[in-house]
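Please find the structures below.
Shared chain: chain A. Partners: chain B in the first complex, chain C in the second.
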Partner chain A sequence: MLIGPATVFVTLGLLVPIVILFRYSLNDFKAGVMMVEALTLKQYALFFTDPYFIAAFYRTLRVALIVTLLCIVLAYPLAYTLARTQSRWKNLLIMLIVLPLFVGNAVRAAGWMTLFGNKGFINVALQWLGLIDHPVRIMFTEPAVIVGILAVNLPYVVLTIQSVIEGIERAVEEAAFSLGAGPWTMFRRVMLPLATPGFVAGAIFCFILTMNAYATPVLLGGPQFVMMGPLVYTQFAVKSNWPLGAAVAFILMSATLVLTAGANLLVQRRYRR
Partner chain B sequence: MAAPLAWPSSAAVLGRTCGRWLFTGAAGGVLVLILLPLIFVVWLSFFRQEIPSFPPDGYSLRWFRAIWTNPKFADGFAMSLQVAVVAMLAGLLLGVPAALCIARFRFAGREVLNNLLLLPIVVPGIVLGTAIYVFHVELQGFFSEVTILGSIGGLVAGHILLVIPWSVRLVTASLAGFDRSVEEAALSLGATPVRAFFRITLPIIRPGIVASALFGFVVSFGNLEMTLFLVGAGRTTLPIAILQYLEWKIDPTIAAVSVVQIALIGTAMAITNRFVRLSRVV
Partner chain C sequence: MARLALQQLSKQFASNIAVRDVTLDVGDGEFIVLLGPSGCGKTTTLRMIAGFVTPSSGTVRLDDRDITNLPPWKRNAGMVFQSYALFPHLTVAENVAFGLEMRRSTADIPSRVAEALRMVRLGGLEGRLPRQLSGGQQQRVALARALVIRPDVLLLDEPLSNLDAKLRETVRVEIRELQRQLGITTVMVTHDQEEALMMADRLVVMSNGEVRQVGTQRELYERPADRFVAMFVGRSNSLSGKIVGPGRFETAGGLRIACHEGAIGPAVLALRPERLALGAMAADCVNRLPGTVEFVSYLGASIDLHVRISPTDRVVVCQPNRADVRLPVEGDRIEVGWPADAAMVFAQETAPVPN
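Moving on, here comes the complex of A and B:
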């Protein structure tokens, strides 16, 4: 059958590894001998009792929530404009949004580093304007990470919402306007309910991406600003603590899944027609 | 046209116009926010001085020559390119038939299989990397005579996994509105199934295949999280080389490397755009 090879490949290459990873997370770790075969929840318990790990967990959640909220609000104007434009530049605009998506997070972080540094563009510009006397620290702060991840995720969310708005007949909007609705009322009573699937899909995508962000927090947050993605890597590659690394990976994956599924349910109940 | 009940007051008209401008302005601002990091990377790559301070002392092209003196970038680039091309081709070979199968036949477990094949884009890269790494560790235990852990084969296999979901998704999308009776007509007019496939089906899914080739290539070329776990010692890919350099410092050299990558991907997009309108597939 045609589908056979791909199925076998994904099963062997993805499902089996995830099962093995889960098994690893139940093992024990001893310094020096590394991994010890066991069947214990010790690693999970360790994670949720150590203040360092708990802080990383909450930091990741906080950043993910803030970025998702900002992303949805900021993505809408651009998504709407793109969906409704008749301009012949539309294709070029879409390419301009897709290009950053394609060039990778490390390259985009490099751009922010040029802006955020002590002699970076923002500090020099603010000093020139006389707003500050001494450079402000922007690199290695939470706002820097939030802005970086926000810019990384915006293209995904814009394109998701745009495609949903394109599926909504323009006539529906015009009907609202001709009945005397202002733009805000139109948005609230017509666009928001109709485009909800787009907003939800965009928000979920954005949340998942932020929870699992790697390059941006490493480069813009620095070694002190630990988020869950980099934590998994450090436990595996630097500390060689495979059981704990596997447990952190599973906590990250389950937290992401549970929260997105919960949010999805909540929205569906709220907007059930 | 029916006369409006009352003319809107001039204040309301003014407010409406301002709102319109504000809205379009916000859209433009968001576009700038998305493009800003790329603009600054390109700018920095032309600085004359090495320290990224503003305003620049002057402009120079020498950093583009400096790239090739750093073997990490040249090697990383060659490695990324090779892995991406092989992974893209193999991924298409596995993904396109599977997509045809999902789009055209109704069978038990079709939804489940579809979701399974899309799973590699849903599972976060860092989890994917750790999972495949421990899988390789276990495999290595069974087959001690061949190198699996940190091998090129293992790296390529991981990247193929990233290409499959994109080809499945984009090719099934291109078949969504396809009327099977066109194909049946060809068959009933005496075309062999092979001929019907090449003359009817293939032209229809061509945009989907071209788009999945682009997405597959780009996703593989740019992958960082999963690759971190799979590159063996002494090897590097371009995204990893860039990340490791940036963890140390930011200067015009790394900006020039980034510009080369932006140019490469921009070219790939422009070429693809000649075959399929990108605004239709993304």
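Moving on, here comes the complex of A and C:
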């Protein structure tokens, strides 16, 4: 009985729009008339033949993969420390990790802009130190977008991995040490396989968030650095091309789904137990 | 196999001194048990031997090597954890093989794993995962995993506390026999004195981070160094009062008791329940006190009688359960007696005493 409201909500709020969206993506688009009822794969064909769209697709994929990889590598030490600390400030530390999430993505990106701009903190500081003569271009570059998204996703990934590490008994690590495994071997042979569910969950989280990122790529990437999320918005709201927007949305959703499921399957096969 | 020597080992956590000046020599092949109530520093001492805790001062030596600052993975100490700490993602055989793989002596791993599992009577379970084993089986995998690397020293951290009472008894004997057969130097930590008495060559009684006494079972039981040891190892009746003259003790309740040594002043008299005699058996004793049986507990092999000998003093008398002796019942008036040498006298002290 209690799952009723949620089920209705998910059905109406998620499934129905998806079905409608999919139907739209099969429609045709004519300048001036906008959407024209049809049953065609024209929009999908358009997407995959236009270098502009294909570049946006690969760019998104590339950023998502880099961010996910960096995120996992950066999150693990923090998650491990957090999971193993005996400090009475532990709850405060967790609050500090969560704190950045209190600030919206757009506001945070604006914050980064004050750092990254030609007259931003980083360039001014480097010039003052005499390390550079002219401002280095940071805004509207891929690294700026990657750093921005990384900062948004890191707390989620840290907390996901941390909760899994907390479920791994500390004595298991000590057992490995006492049997002659150094820290690196212990990590490879014991921690990594045991924490894999955490790494997978964290990576999936991070990958999905990055694939669909909107505010950060728009604000830090600028008009030239087009990713899939903003592209969907542009097609719908700026170009009023609903069929193409729907198709882009579907391609984005399918790619995310297929890659996530695939990676999950691969990891599960490797660490079956 | 090796000799282990702890020299004035201490550990301080922030403002709390967990272990203070522990000095101990463990002979080659000896089974030492660190015994004490929780928080007495025994586990911290064991973890300093294992290398998980860095001592604040003092040294740990294995034969002639100083291993005080060696990380755990370079110590060759086999450890069995209270929770067993088996690798949940590895099979029984893979768990046991782990330490051998770390040593890169890959040639005879399968045969050594099989031998170790046979030793702990787990042959045939090689392919199981830890979660598919009973507690007793997991415990034996942990033991095999620690022994297969032929460690210089075997460290056991309350290895039996997660087993049920019946199983614990058998496993104690098994571990002890295995340890003797392999001649492996062993340090075990426990708070269970029965377990300690049963397994140890020598015991180390600790409280408040300090060693109170080191000795064999007989030494600890018959010549406890202080009141704490007298109370913690075996059972003791304790009567508080003072020494009023040479060989004369007076309880707080006003009873006068003849005893041996002791300096004049506040003191505690400790009496083992089985050294006390009742009724006619007490006739020859120097100390004879009339009392009332207040409580009888039938324990099978023996019977405990709680006898009030003054308004403030009550003693437990332990009598063997024999068919030919009629035992007193609750409410009986009876005489309790003991020879002067049965009483152990300790100066009154402030250290906490176990219940």
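Here is the rule we use: the second predicted complex is superposed on the first by the 270 of 273 C-alpha atoms of A that agree within 3 Å, B and C clash if a C-alpha of one lies under 4 Å from a C-alpha of the other, contacts with A are read in each partner's own complex, and residues count from 1 in each chain.
Just so it is clear, a residue touches a chain if its C-beta (ideal position, glycine included) is under 8 Å from a C-beta of that chain, and two chains touch if they have at least 3 such contacts.
Small disclaimer: the values here were computed from a predicted structure and weren't measured.
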Touching partner for A:55 - first (chain B), second (chain C), both, neither: neither
Touching partner for A:266 - first (chain B), second (chain C), both, neither: neither
First (chain B), second (chain C), both or neither touched by A:189: second
Partner chain in contact with A:174 - chain B first, chain C second, else both or neither: second
Partner chain(s) touched by A:34 [first = chain B, second = chain C, both, neither]: neither
Touching partner for A:115 - first (chain B), second (chain C), both, neither: first
Touched chain A residues, chain B compared with chain C: B
Intersection of chain A interface sets (partners chain B, chain C): 182
Touching residues (chain side chain C, partner chain A) in the complex: 50-52, 71-79, 81-83, 85-89, 98-99, 102-103, 129, 145-146, 149, 155
Chain A residues within the chain C interface of the complex: 169, 171-172, 174-182, 185, 189-190, 193-194, 271, 273
Touching residues (chain side chain A, partner chain B) in the complex: 1-3, 5-7, 9-11, 13-18, 20-21, 24, 74-75, 77-78, 80-82, 90-91, 93-100, 102-115, 117, 119-121, 124-125, 148, 150-151, 154-155, 158-159, 182-183, 208, 211-212, 214-215, 218-219, 229, 232-233, 236-237, 242, 245-246, 249, 252-253, 256
Chain A-facing residues of chain B, complex: 16, 19, 23-24, 26-27, 30-31, 33-41, 43-44, 51-55, 94-95, 97-98, 100-102, 113, 116-117, 119-120, 122-135, 138, 157-158, 160-161, 164, 168, 218, 222, 224-225, 228-229, 239, 242-243, 246-247, 250, 254-255, 258, 261-262, 265-266, 269-270, 273, 277-279, 282
